[in-house]
Amino acid sequence: MRIGILTSGGDCPGLNAVIRSVVHRGVTEHGDDILGFEDGFKGLLERRYRPLDLNSVSGILQRGGTILGAARVERARLREAADRTGELMTELALDALIPIGGEGTLTAARMLSDAGMPVVGVPKTIDNDISATDVTFGFDTAVGVATEAIDRLKTTAESHQRVMVVEVMGRHAGWIALQSGMAGGGHAILIPERPFRVDDICEMINARFARGKKFAVVVVAEGAHPAPGDMPYETGVIDKYGHERFVGIGNHLATELERRLGKEAKPVILGHVQRGGTPTPYDRALATRFGWHAVEAVHKGAYGMMTALHGTEIVLVPLAEAVSRMKTVPPERCLEAESVF
Amino acid sequence: MRIGILTSGGDCPGLNAVIRSVVHRGVTEHGDDILGFEDGFKGLLERRYRPLDLNSVSGILQRGGTILGAARVERARLREAADRTGELMTELALDALIPIGGEGTLTAARMLSDAGMPVVGVPKTIDNDISATDVTFGFDTAVGVATEAIDRLKTTAESHQRVMVVEVMGRHAGWIALQSGMAGGGHAILIPERPFRVDDICEMINARFARGKKFAVVVVAEGAHPAPGDMPYETGVIDKYGHERFVGIGNHLATELERRLGKEAKPVILGHVQRGGTPTPYDRALATRFGWHAVEAVHKGAYGMMTALHGTEIVLVPLAEAVSRMKTVPPERCLEAESVF
Amino acid sequence: MRIGILTSGGDCPGLNAVIRSVVHRGVTEHGDDILGFEDGFKGLLERRYRPLDLNSVSGILQRGGTILGAARVERARLREAADRTGELMTELALDALIPIGGEGTLTAARMLSDAGMPVVGVPKTIDNDISATDVTFGFDTAVGVATEAIDRLKTTAESHQRVMVVEVMGRHAGWIALQSGMAGGGHAILIPERPFRVDDICEMINARFARGKKFAVVVVAEGAHPAPGDMPYETGVIDKYGHERFVGIGNHLATELERRLGKEAKPVILGHVQRGGTPTPYDRALATRFGWHAVEAVHKGAYGMMTALHGTEIVLVPLAEAVSRMKTVPPERCLEAESVF
Amino acid sequence: MRIGILTSGGDCPGLNAVIRSVVHRGVTEHGDDILGFEDGFKGLLERRYRPLDLNSVSGILQRGGTILGAARVERARLREAADRTGELMTELALDALIPIGGEGTLTAARMLSDAGMPVVGVPKTIDNDISATDVTFGFDTAVGVATEAIDRLKTTAESHQRVMVVEVMGRHAGWIALQSGMAGGGHAILIPERPFRVDDICEMINARFARGKKFAVVVVAEGAHPAPGDMPYETGVIDKYGHERFVGIGNHLATELERRLGKEAKPVILGHVQRGGTPTPYDRALATRFGWHAVEAVHKGAYGMMTALHGTEIVLVPLAEAVSRMKTVPPERCLEAESVF
């Protein structure tokens, strides 16, 4: 068969492992031709692709990013493509397409699938917020980077009797903050699912200092926010040249904690380091399994589906289900983290 | 309540995270007294313990090993203890016991539980071979160490056109070999579940060399073994002083591959580095959750149970179930690894 | 002998290794009593100290931060202390003092030494800007954190055809930027020693894109700054509540690059993660050697001196020399980095 | 100019960084043509090479091994090549050759240089035993791997009251054992330069156990050996099939310690993992500087020289000097490590 593959959306450690796995399984087991479209759906629309053989995926298992590139494309152009799906597949002589991406990509995949394209999706998000799968690759790597930062900040906080505020990724779901906060032993974990009150955090910190632990680390997801009326929080800040600058929750919270506590509070914004670099073994293995099962799904004709991890098994779930709702942190998981919210 | 805790069996990254979590949850939420028995069941039998408060578990989340120590104890002495369970609990004024350990420990826990002791177990094995839970903590760390070694060996193998044989842990189950082999991109993965043929491995390696990839990495679980009659394999080797020395499968296989292939093949035996050191974030979070739920189980009176991961949730399963059979690698997982077996 | 030890200034990976080494060598070889003053000179002035024996330094070799704490103290109080040096030493029955710290600490050490206190200093700065020693411990760890970040950012930049601006430590000297930039393969390295022109950076980036390398990573020391008139650069930014916020060079430069290039440019500010956490083996070994030699210097009566690395040897240099001038990056080292400046 | 480059001898993290640096500097600054000979001198003799441009060294800075390959070649063939040096250079139209390698390679380089070939050498050895340079790249990475292993083994040793024997690289010089032993806090460090007595090690271990530290880690270089008559030590062991197997000092010593101490002692042989994988930032920066200076040396006509690190500077030293004597660990450095020898 002639199978197209593309990566779309924000990059995520493990993308290359999926690509490699699709090529390995497709070529070695089934004798497939694999085409790699460049820059996501953009490459599909613009017919930019290259054939991928075993040599072209050699040595990429450990590499972050995506050898195919990823770019955003407007919904309208995708719409248009969906309308001409049959034409596109004929022109490219494609038998199936495996798009790897997050919520947006999977929604597009579903649109194409509904329009008749033979599609098998592979979910990808470092935020781990896709409900149809227990875990997505990239998440473990992001948690690893965040936890290492928390580990490092604890020692420096302790030496200087400081409060450190670490802002990690997670715009709509707090999984990275929750998992890295638990793993690193953060003293408060703030997530979008549960608006926080600054006074609760202050109380916890004061209690720590009172029992002789003269430092604290607060882990805050970028999408976390104060309860209504609790703390002024505007992300737009105007500099003296009149330019607006984005100032996120980590910086705001550190300032506010310093003000209310009368103790030094320093923000650290981890940012893009969380989505780059060598994937963890967990992510490489999961991504490899997703790729393997996507190829098998194609050969079984299981279109309109997406690979997913359920327990220890890889299963196929309908794309429709995958994008129906976001997986957020449930209240009982917050409890486990023993944190102030 | 007055809760005893002990760690038993081979050590495993994450043990301290469980201990810390039990203390945090017990002390902070329930006002429990936590007693840490030293050197596993031995300390229980010998009444050697120390009270554990928040300060005594400060800074241990990241530390490998176990602050309580772990030693082996003869089954007979445990039997005896089980017979005097009531006495023991009264004497120590214990309300419940949380033993953390592997198959042997959980079997002992079950024996004590059957004898009337209020026990909640926490499973532990780097080998990941306990059937009642999806994953055990320590496994991810061991896989991490093994994968890092494979990553390193690939570059040196490639530069010198060599075959490297990496022996990893896994006496009865091949999970570490499977996961690290997939994550590191090993070219053959040999596990106890499936006896191997040396000629199959040679064939794969020759095929690699033929297509220009002039190196190979073979990942072998310590418990893997050749199919009957395939390759001489005796672990006892007599040195010139008449002492018998243990020589494992990794060394034997490298020798045999070198002989049959006529190419340099070097063994690397990872050994104990796989079970020491800082746990990965995954293991720390899982261990923390296990500890939290063990305390909750005690307070709910859910005795004779063990914490387990099912999907993304921590559940309680009967100790009886936990130790009934070993979780080995099923054939379909071998397929996913695209390997010679 | 009765030897005091204290750590002062910003924390730095390796401080605990020095403390451990002083205790090991002093206690084991010379039978010394070692007193650890808490929170730097503050503890000395306030007579807050604890005896340090072998057990009290067990397990700290790998730990970041300082078990003794570090706080700032006003110059005036030090002045006062210097005036009553004899009194202080008599009262504490101290034979010698080993202060570990950066430029400020060593200046204070020199003041106390000039006032007659038997002092042997140990230099410490992650910035590596003390001229009397080839290297200081902590620097290699900071470079390691920065390089890992650059490695990670390269893969994400490449996937998205982005420019990444990484701000690393180095207020007055660009050593961390230089070394991590070389090690990580940064495409421009901006340091305080050489004001930069934004157009030079744009030219380099455009040249890269022109030859098909559609991403770039710019490493900028926090103390780097544009040539006069080159780019507006004000660190104070006023938010809508009228509070002034600090916005550093990394953020400004990313904005300006984005504006001039018309390409996405993202800043990452590494901040305090660079100074925390487990020291690298290099830093642990160097710190251990410094501690060993400081004790030997005390026993030889080599007061008013500081330990230093010259080539592969640890030597003693006068404190006076140590603080006379800052070690900045010389022009020929910039050349080696093949970078735009 | 037309410059040849080759890597020879055992592989070493940082080789690719040198290659990349030579290409970057040569191509960008001088407009050189760089030829990469494959498999060391073998490729030179067999005229196997490929042109190296900026793209061919893209992404290799972080990669272990050598993209050019490395193989051994007999001295006689080299001798022959030296005799026809003029011919060879003319035929290949080469202006200069940059061989990167260890003692053997540099000796060959000197032979070629003496025969009139324009050669600039770059020293390479993970053992760090080349006397003309303070440090060689690869050493820091090897120390990093060894130290991480020691860190991990300490926690497992502690939990089980065991002695661990870690065998690290270093056939003739004990630098890796010394540096990793200091960095990891090994309790004994055994090196080739100083034959050890098993009873001294037992005494140290017994003393540790007596003061409550119930574990020990012994770091032993592969080339360390007992004092005459101290302990039986034969590396050849005959198995039941009559094959001789190599059993190194680590295994022998663990057996002997277990016998004399009556305590469990486990060997771990690190082996080839020490020479593979991503180089540390230190090694990448040093290798990059070596490459840069080698190109400059060629353009200055400084033939018959080798790059070397003296203090913080890269200098050129005669090849003759480089290979005149091995750099071994001097007695005073042993003292610093506070170890039993």
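The first chain written gets the first letter, and so on, giving A, B, C and D; residue counts start at 1 in each chain.
Here, a residue touches a chain if its C-beta (ideal position, glycine included) is under 8 Å from a C-beta of that chain, and two chains touch if they have at least 3 such contacts.
Because the structure is predicted, anything quoted here is derived from the model rather than measured.
S.K.: Which chain maximises the distance between its CA centroid and that of subunit B?
M.R.: It is C whose centre lies farthest from that of subunit B.
S.K.: Pick the pair with more C-beta contacts: B-D or C-D?
M.R.: Output for the comparison: B-D.
S.K.: Between subunit A and subunit D, what distance separates the C-alpha centroids? Give it in angstrom.
M.R.: Averaging C-alpha atoms per chain gives centres 40 Å apart.
S.K.: Taking the mean of the C-alpha atoms as each chain's centre, how many Å separate subunit B from subunit D?
M.R.: 34
S.K.: Calculate how many whole Å lie between the centre of subunit C and the centre of subunit D, each centre taken as the average of the chain's C-alpha atoms.
M.R.: 30
S.K.: Show the residues in subunit D shared as contacts by 2 or more other chains, in ascending order.
M.R.: Within subunit D, the residues that touch at least two other chains are 151.
S.K.: Which residues, counting only subunit D, touch subunit C once they are in their complex?
M.R.: Interface residues on the subunit D side: 24-25, 28-29, 54-55, 58, 61-62, 134-135, 140, 143-144, 147, 151, 179-180, 182-185, 211-213, 280-282, 284-285, 288-289, 292-293, 310-312, 314, 336, 338.
S.K.: Per the contact definition, I'd like the list of subunit B residues that touch subunit D in the complex.
M.R.: Its residues touching subunit D are 7, 10-11, 13, 15, 63-66, 69-71, 145, 148-149, 151-161, 164, 232, 234, 236-241, 243, 245, 247, 251, 255, 266-269, 271-273, 275-278.
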